[in-house]
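Below is one structure. I have some questions about it.
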Amino acid sequence: MASNSFGEILRMTSFGESHGFGVGVVLDGVPARLELAVEDFLPALARRRPGQSEISSARREEDRPEIIAGVFEGRTTGAPVAILVANHDQRSADYEHLRDAPRPGHADQTQAAKYGHRDHRGGGRSSGRETIARVLAGVVAGKILPPATRIMGHALIVGQLEARRFDPAEIERNPMRCADPDLAGPMVELVRSLKEEGDSIGGVIEIVVENPPANLGDPTFGKLKARLADAVLSVGAVTGFAYGAGFETATMRGSRYVADSSHFGGILGGISTGETIRFRAAIKPTSSIGDLARKGRHDPCIVPRVIPVLEAMTGFVLADCLLMQRALGQP
Amino acid sequence: MASNSFGEILRMTSFGESHGFGVGVVLDGVPARLELAVEDFLPALARRRPGQSEISSARREEDRPEIIAGVFEGRTTGAPVAILVANHDQRSADYEHLRDAPRPGHADQTQAAKYGHRDHRGGGRSSGRETIARVLAGVVAGKILPPATRIMGHALIVGQLEARRFDPAEIERNPMRCADPDLAGPMVELVRSLKEEGDSIGGVIEIVVENPPANLGDPTFGKLKARLADAVLSVGAVTGFAYGAGFETATMRGSRYVADSSHFGGILGGISTGETIRFRAAIKPTSSIGDLARKGRHDPCIVPRVIPVLEAMTGFVLADCLLMQRALGQP
Amino acid sequence: MASNSFGEILRMTSFGESHGFGVGVVLDGVPARLELAVEDFLPALARRRPGQSEISSARREEDRPEIIAGVFEGRTTGAPVAILVANHDQRSADYEHLRDAPRPGHADQTQAAKYGHRDHRGGGRSSGRETIARVLAGVVAGKILPPATRIMGHALIVGQLEARRFDPAEIERNPMRCADPDLAGPMVELVRSLKEEGDSIGGVIEIVVENPPANLGDPTFGKLKARLADAVLSVGAVTGFAYGAGFETATMRGSRYVADSSHFGGILGGISTGETIRFRAAIKPTSSIGDLARKGRHDPCIVPRVIPVLEAMTGFVLADCLLMQRALGQP
Amino acid sequence: MASNSFGEILRMTSFGESHGFGVGVVLDGVPARLELAVEDFLPALARRRPGQSEISSARREEDRPEIIAGVFEGRTTGAPVAILVANHDQRSADYEHLRDAPRPGHADQTQAAKYGHRDHRGGGRSSGRETIARVLAGVVAGKILPPATRIMGHALIVGQLEARRFDPAEIERNPMRCADPDLAGPMVELVRSLKEEGDSIGGVIEIVVENPPANLGDPTFGKLKARLADAVLSVGAVTGFAYGAGFETATMRGSRYVADSSHFGGILGGISTGETIRFRAAIKPTSSIGDLARKGRHDPCIVPRVIPVLEAMTGFVLADCLLMQRALGQP
């Protein structure tokens, strides 16, 4: 059960709401003696934060994490690592008019049915703010992975625009996190115009993992592709997952499929081969449109802010699988 | 952990190899007093079985399940339900020449690396034969779901051919399990010609769940969409998952997305709304091509045989979520 | 795994250290709509707190819980409930001389070996302060149990003194939590004299559950007696568990055993019968003796302070089993 | 949940009834490349079997295990290991008269209440026959432990008779499995006379683990003592657990307790120290008394037959903890 926990040996428990005290995460199964400091979390949190550019939400969230357990004299102790990020810019009043008006396409409706009540203040647990817990967990997971392993997400598709080149150095140079220098500008332009219209747009994120450990994942359940799909679809904005040749395999002949190992996306029989892992996640357009969107409290395109969340979930799955492999793998 | 188990309250443990004694499943968390007999499994097993038509593998597997535990006087007892299906047509000799020759695009390679040995006899645990366990589990899960809930899978895309109509009555009338009477013939023709060429082809399966229970799934982890993605990607042939508008959301504006609730695929905020659930799974072309394919021991298009497996996994996830909802939901 | 979590459907994750920021707990699987306020925790925390009487530790811990997630407008929301209790009286300096001196009979030694470091400041996670998390969890669990269910712990044995009467009204009238008015005084006297000697003493706690729900627990693993034993032995001070006639069954004939259902302790075949549940926990003497004990920073007899912790763990197990029974039991 | 499974990384799932097809176990998380053959199970099964001597049940169970999955060419493959033991001497007719007559002190009553039906044929899942699954699992677990680790159970107390010496060589020389050569005879005599009277008797088993690995268990939940208590109390006949000085700590002063590390039972702060682990389990007298007992279908003292079951559960817990330690421990 434990529907707010994820992972097997490395396990995160996420808690907190968008408009209460704050959000946090407890990480169990963190090996002892890892160096860990508040500063380690800041870059990833900064990348997830709203208000990074003119095309994202104007809310300013000062995400100051506090490590409240599991670290002593700068290193993890083997005890659970607990990290809190307090809410500052809550503005519950902004949501008071929504108390009796569920928003179409939002989680409010199903949560009200399931739990017999509704937290009208910006989505409660379904708020994007919950993803802070994932980002924090991803930072710790990253310390378990080999230094050579590099996880990079980028905006592959936004609307009709699709990146054709993959230049990692380009990603953080533009607010869309597009790795194609030719497409970054048009993507930004598209999103800016949609913001003016009070509309939003979806996209596709690609995650690339260079130098992943081999032998991660299990052959039946717990296939690496299944764990990644579970992790990625656990993020609210994601509507699809495909690895390697993905949905293109539908139209592919076997002779072509097996001829190019990149079609396997670094995963064979559910287990990582050690080659580059590559998968895509479909991102839906945000449901906050019209006046709400124009007021600037929501992102017209959530793609760039979901990227660090998916990177974090990817790192978390890989680190968890690596710990399992230590338990059961050949020495 | 338990990488051969799936589910939380309703939990299946799959075991067995394609070329040993047989395959089986133990189901824990099965409510008592459900009627259950061997005959209940036969239709679903028959739909999964190879040799159903000229376009599937010529192997004949007489899948005779035996309920060896958990049923007394025709009803489940609350004890674990264990079901075995013995192997009959093993022909290990057919695989002897593969002892030292891992097959490209097969799980053999990663399993050998992970476990320090290789079962050359047709894939061992990675064989499609393991999916018998899923089909058996799906039959039991189906007894937990409300009678009105109907889970239907069909071949939406095979190669370049895409079904345009959805006529449930048509599905079992053609060997492709295509719900579009106009496309079934061409799909069969395509697969037959590929078989002659010694090639294979992928496709897309759509799963439609009519009258699902509402309130299934959790808001953070354990979202219904994430559980379904995990379940579906745990099947070897699947390379992608997308629900509702899926990857089309990438090119969709928010105004269009929220205007039509079918885009949500029956899931909002990770929780079922009670409306029809709809998702797609991308199926890769089988890697057994060339002489092996021509010999007829493998399917040139695995799509029709994966359909009952995905239906079973879908039913299993829904039943498991329904039991969770009984534990925690509003009365 | 998740070695800092306990429970299946209702699940607590404990975190925090005795000398850092504080301790806390995240509770997952809490049904929605339960009334919950900070005041609900205060009585149980007060009973666990040191400094309640002349015979307990002189440390004063102002345990002020803060509900930081999962409660909205006075009721649980179905989201994880997170509760923090900050440390105030840390006095790390008191422990500085212990930095290089592991204490005999303390957890320091094994933790240092396991994790490659040692938190010399009062036991870290092994401190009794971690039990605050259990007490908090027990309060929430109590709201899930039927109102008629009453969980009462008392000091049955301290040293050579054994209570002969069980008067529930007496328990909170004496600092030993002894239910026998004749023995309470001698027990207090014994502990006071040991304190002066710089020594400590063990005891036996009995837990009595009146009007428990029937049908809790499972027949194979997850027997109610096994879950209770696991819960009780997860508390540092406990060295033994016995239910019903317990270790006296060793000398008992079957004819006598079956003649009196109180020998079964309210559990038959691993499942609660609905009759009073009764079990005992052996409590070791605290290892802090000599000068340390005389300085008054430690309890010469931990029995009275362990009682609310065992009550909490008992309630937690019962509530978790009750939710499971809702999922799978006969309606 | 999974109330028929036990263990975290190494995980057993038990299934089967005493009077149906048979009993079995599926073991997940078994490392690959362990040598495993049917013969490995026979000694432990023979020790658990009824009919070993004049003082145990006259039923003869030919327990012939069959490894039906997870072993290839004499070694484990990393896939789940499934083992079946068919029932032979079922004699359901013997139980037909019990169809409407629940037996006092048996699990029948609570199972009927919980599941809405009753398997009158000898206890169903609650039969001692289910413990075959545990014994099988223990054999596999033993292969994961270091060769020097030795797990020995013996009859410490039967009725008023308590062993004073511990001579391991003596244990298998007498049908009581008593390690004290002076007490073995009197114990056998006592049980024989009770059998004639149609009565039964309880006892205490001590488990001694020489040369256990250090660093097993976790500091909060999952303490080694708690895992062992859970494992031991999951066996039907057990009514109590105590490690190290156990219930004697109740009367012990701290100064005496810390003076002798054998009081700690090899476990400190929930973690194994590497010293000899020592714990006791209280065993209740069997409830089958009177005519039933005289007919000889039941054991007048179950102690000797429970010993191999507790040894198996102990080995299983240690092996599971050892795999966890591989995942998270210092290299």
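Quick notes on this one:
Labels for the chains are A, B, C and D, by order of writing; each one numbers its residues from 1.
Criterion: a residue touches a chain if its C-beta (ideal position, glycine included) is under 8 Å from a C-beta of that chain, and two chains touch if they have at least 3 such contacts.
All of these numbers come straight from a predicted model, not from anything done at the bench.
Chain centres here are C-alpha means, and the one lying farthest from subunit D is A. Here B-D and C-D are compared, and the pair linked by more C-beta contacts is C-D. Here the CA centre of subunit C is 28 Å from the CA centre of subunit D.
Note: centroid distance subunit B to subunit D, computed from Cα atoms, is 39 Å. The multi-chain contact residues of subunit A, meaning those touching 2 or more other chains, are 1-5, 8-9, 14, 29, 32-33, 78-79, 111, 114-116, 125, 219-220, 324, 327, 330. Residue ranges on subunit C touching subunit A, taken from their complex, read 1-5, 8-9, 11, 13-17, 20-24, 26, 28-29, 32-33, 66, 68-70, 72, 75, 77-82, 84, 111, 114-117, 119, 124-125.
Residue ranges of subunit A in contact with subunit D, taken from their complex: 1, 9, 29, 31-33, 78-79, 219-220, 323-324, 326-328, 330. The residues of subunit D lying in touch with subunit C in their complex are 1-6, 8-9, 14, 104-111, 113-116, 125-126, 130, 157-160, 194, 199-204, 214-215, 218-223, 225-234, 236, 238-255, 257-258, 264-265, 268-273, 282-289, 293, 300, 324-325, 327, 329-330.
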